[in-house]
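To start, I am sharing the structure in question, which I have written as structure tokens.
Just so it is clear, A, B and C label the chains in written order, and each chain counts residues from 1 on its own.
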Amino acid sequence: MQEAVLLQMRHIDKQFPGVKALSNVDFTLRKGEIHALMGENGAGKSTLIKILTGVYQLDGGEITVDGENVIIRSPQDAQNHGISTVYQEITLCPNLTVAENMFIGREGGAWVRHKAFEKRADEILTKLGIPARSTQQLGDCSLAVQQMVAIARAVDMKCKVLILDEPTSSLDDKEVKMLFDLMKDLKSQGVGIIFVTHFLEQVYEVSDRITVLRNGELVGEYPVQDLPQVQLVSKMIGKDLDELNALGESGEKKNENTEVLYEAEGLSSNEAKPFDFSIRKGEVNGFTGLLGSGRSECVRAIFGADKVNGGTVKIKGRQVRITRPIHAIKNGIGYLAEDRKRDGIIAELSVRENIILAMQVMNGIFKPISRSETEAFADEYIKVLNIKTASRETPVGSLSGGNQQKVILARWLLTHPDYLILDEPTRGIDVGTKLEIQKLVLKLAEEGVSVTFISSEIEEMLRTCSRLIVMRDRHIVGELKGDDLNQTQVMKTIAGGEA
Amino acid sequence: MKKKRLFSGGLGQLTIPFVAICLLVLFNVIRDLIMIFVLKTPDYISFFSIEITKNNIGNSVLSGNLISIINGASELAVLAIGMTLVTAACGGQDISVGAAAAIAGSVFVKVLKASGNINAGTVILAFLCACIVAMIFGAFNGTLVAVFKIQPMIATLILYTCGRSIAYWINGGATPTVESPIIEGIGRFIPGIPIPTPVLIVAVMLIVFKVLFRFTSLELFTQAVGINQSAARLNGINPTLIKLLSFILLGACVSVAGIIGVSRLGLINHETLLLDVEMDAILAVAIGGNSLGGGRFKISGSIIGAYVIQMLTITLYSMKVSSTDVKAYKAIVIVLLVVIGSPVFKEKFGRFMARRAASKVQAKGAEES
Amino acid sequence: MKKFKALVLAGVLAMSTVLTACGAGGGNAGGGGGAIKVGVVNNPPSESGYREANVKDMEKVFSAENGYELKTAYSLKNDEQLQAAQGFITEGVDYLLISAAETTGWDEVLKKAQEAGIKVYLFDRMIDVDESLYEAAVVSDMAKEGETAVNWLKSQNLGEYNVIHIQGAMGSDAQIGRTGALDAEFAAGTMNKVVQQTATWDEAEAKKIVESVINAGTDFNVIYAENDGMAKGAVAALDENGIEHGVGKKVVVMGFDCNKWALRELKAGNWNYDGQCSPFQAQIISDLIKSGKAPSSKKIINEEKGFDATTLTDADIDQYGLGE
């Protein structure tokens, strides 16, 4: 008993200079289903989506919508065929109102009929249960609501196929739930939803069907109940999960008795309220808490990324002044920022230049590292971290997310830091790379490097950290170690004890 | 495989200026051939001919259109070097270079006049003074841009507007002249060397900047700041300093260009020295394949860009277009160049080539099977 | 709202009056009680070496020692000059001396001056108004300057005359005068016009014009530039392209204005001819003022010479050279 087929992509081929991005991929979306599109970074998900939305043109294959052959040459074409997309990065205008955002670009004339639009917008918002008013400025809404407004816009444009590309990566649990409710509602109205995400749990929460891609090829399409999570992961990365499990068990984290490397008292910045913090040599600790709890702000203060206002900092017992990133770098601290695109990669520079950047800064502007040395460093780290790049001179922006993250890791590893701060190093990257990064963190700790590890996936932190600092409302509310390091306890502390 | 690389991206950023030069050369070759073999024009001198003639003070010097091109573009080339840096670091352009060059030139002349006799020592002193003053004005622009975060075009609009008045105050009057064999040596030819001195100055400037990039990480840091300021800052680079530095270095270039300009004529006319040069300098950067939005850059591209602009001018001159009409014709060609260099055109062209390659492969496949 | 607009307008008007007063008030204020008040409306000294000498000459002749109180206003723009003249009339000067930026638009102001009993002298440049509106105009005869120069050129007996003619700002007296005689030769076919183009008195533009001719591969043997600066620009182009010029060389170079530096070029044999354009009208006007008599003719021609490189003396340079 199959629902009517809404969208069919057959034998899709896509070639980029030097890379076969997709080869002979099939994809079928039925009416009223939520279909998860899964795969590691570089598996071809984005390419497939971009072909569907007219950003790329396919080199081979065919697409049918409602049984009719279509050719999609531009995003406008896609929209005309009822295909709408809501991207990870919100592409609306934060300085316009919700109503304006919903109707922008399709006013149907020179006159913007504000009142009529606002009325219509409010109707849709109410119908979809989106907690926003049409006259509100979009920028004032939470990210989740902004995302929902984008969806509402798509729905109002009579979309049959809705593509949600990593919609949940910057939402907290409550917001995710709101979004899922909305998705289920749309599903019941017969909309076909393509759901792209890295969060495995979420796939199982809402999806009906899963299509897995690997290396530009189709692995298979499965009803969600037939594919347990472990099997899904192994299909995505194409290898057994023993390694992953092994990592979980290597929980012997012993550094109770080593010397204190970094110690801050009353440290505060423009963004972070005063806090105390210390870390021992070779220790891996983590900051956890909900989004907006202040965990990133704390580590930014440690690195001097925001304007530091007060507090004393000691490194190896000696008082130091860290008010700017350069001070931190010179004191042996490395910082992988939360927002890779904005604060991490220099997209148009080559992999090589990105890798040696921090080391060059440490050396100073008047002591450039010779070309041959930089090449040697780059080659070394491309090999050590298994960075997948065409060459060391490839612009880092053209790499997949996981490989970009590895390049930034390489950048900091090259400075041989005593203390490495990793803020969400695994966000938006594939399972295989996540695993590699976690392994790397443990290896570094073994070598005596102190690491602060932040992740929204608590399991990941439980696997790697020997101590967790829990934050709520910009304050440290607890510190967990030893036997307290388990999911329940962390949840309890985050929620405030009683939960 | 190798062959394909050469065409698709072997030259990389330099493709645009290289293609532009090739087109202009091709055009002139065809014109030469038509004039000589088809129209059989008597006394026609080829566009590419280079002669050795004696100038007024008895030196053997090179002359010809090609020499005119590399000589005439010198000020522009020097300015383009600095403009490239500012563009790369700030993602914007300095439109006050012409006015600032007038100030630098005025200071140069003022110091020479004040010191009485003109000899090697006073010329060097005057150059240093002009250079320092231009760098101070550069720092002024740089401060507005880097510290106060004003858009470069708006920030430099101030000096663009008032620069030539400042230049006027410096000499307080008309168009003071400087007469000296040394000044002529800078602006025209050094006795015994047949190559125009401004050409040599461009070469020296290029070497100076190459050395600067070789012995510092300025290039890397500038690009990092231009591409992603936030990330650069988190990597310990001080974006404010880098931007400021780019403007100060442009100041140095401005003073050199100003002094070439003054030395060519042996006088400073604050109203017309390097008039309208700022737009050409920005254009040279763009033709050089550099993104005007900042980031990756190539100094050599901008210099070739300057030569492209001058070659265009001289080509038009050689076709008997008068110097007043040249601007209009130049605009037409430049529109073409800019369109060819635009991402939209590149993408369309790339797609066209890919399709052709694909159909060739298919045809080949069909043959084989 | 209307009221507000009116207020703003009044404010702007008030401001502009103040500004005008400021502009007019520059120069040598002060002077004695019984001094003759002279208001000079001129182009700014930065305009050219000629103007610089002209302004200096005015300041020298109409000095406090000579019994004058001098007020000056300099602008290249006609409307600013008109405003300044208006200001002088309001202030109540005794004499108004004008070198106008443009020949038109002066009727009203000059009538007002006449009504106020202010005597007007024009210098250097004529204005398109009725003769009755001014006492006298002390000017150079630009046409004569041109004739002198062209006659000199003809006397050189060159085999052929291929002339690059670089003109001044089109429509100015100097351009019209200096172009006339040469145009007659072109028309008569005695000389060939290689190019005739304006460089608006600008050295750099003149250089470009000559470069364009050189790059076009056209032959020429005379450069007739309507002022010294443009001749200098032209010569720069010749030097860059290795073309000989001056006494006994391939290209004959001619300029006007007799700047000292230009005369030195003549003396060195790099140029061939320089025509004088005398900026020294102040003494003539001062004499007229002091004599109290009306001049015999409305138009007083300032005597001018032309200098040949082969006959120029150092004494000539000292006496007739402008600037330093």
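Heads up, the rule we're going with is that contacts are C-beta pairs under 8 Å (C-beta built on N, C-alpha and C of every residue); 3 or more make two chains touch, one makes a residue touch a chain.
Note that this is a predicted model, so its numbers are computed, not measured.
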| item | value |
| --- | --- |
| Arrangement of touching chains [line / ring / star / complete / other] | line |
| Chain closest to the assembly centre - both centres taken as Cα means | B |
| Between chain B and chain C, centroid-to-centroid distance (C-alpha), Å | 36 |
| Geometric centre distance via CA averages, chain B-chain A, whole Å | 44 |
| Distance from chain C to chain A - Cα centre to Cα centre, in angstrom | 74 |
| In the complex with chain C, residue positions of chain B that touch it | 43-45, 51-56, 59, 61-63, 65, 67-68, 71-72, 168, 173-175, 177, 179, 184, 187-189, 196, 261, 264-267, 269-273, 275, 314, 317-324, 326 |
| Contact footprint of chain B on chain C as seen in their complex | 45-49, 51-52, 195, 197-198, 202-205, 207-209, 211-212, 214-219, 229, 232-233, 236, 238-246, 249, 259, 261, 264, 270, 323 |
| Chain A-facing residues of chain B, complex | 8, 214-218, 220-221, 223-224, 227-228, 230-238, 295-296, 358 |
| Of all residues in chain A, those that touch chain B in their complex | 17, 59, 303, 305, 324-326, 328-330, 335, 337, 342-349, 353, 357-358, 360-363, 365-369, 411 |
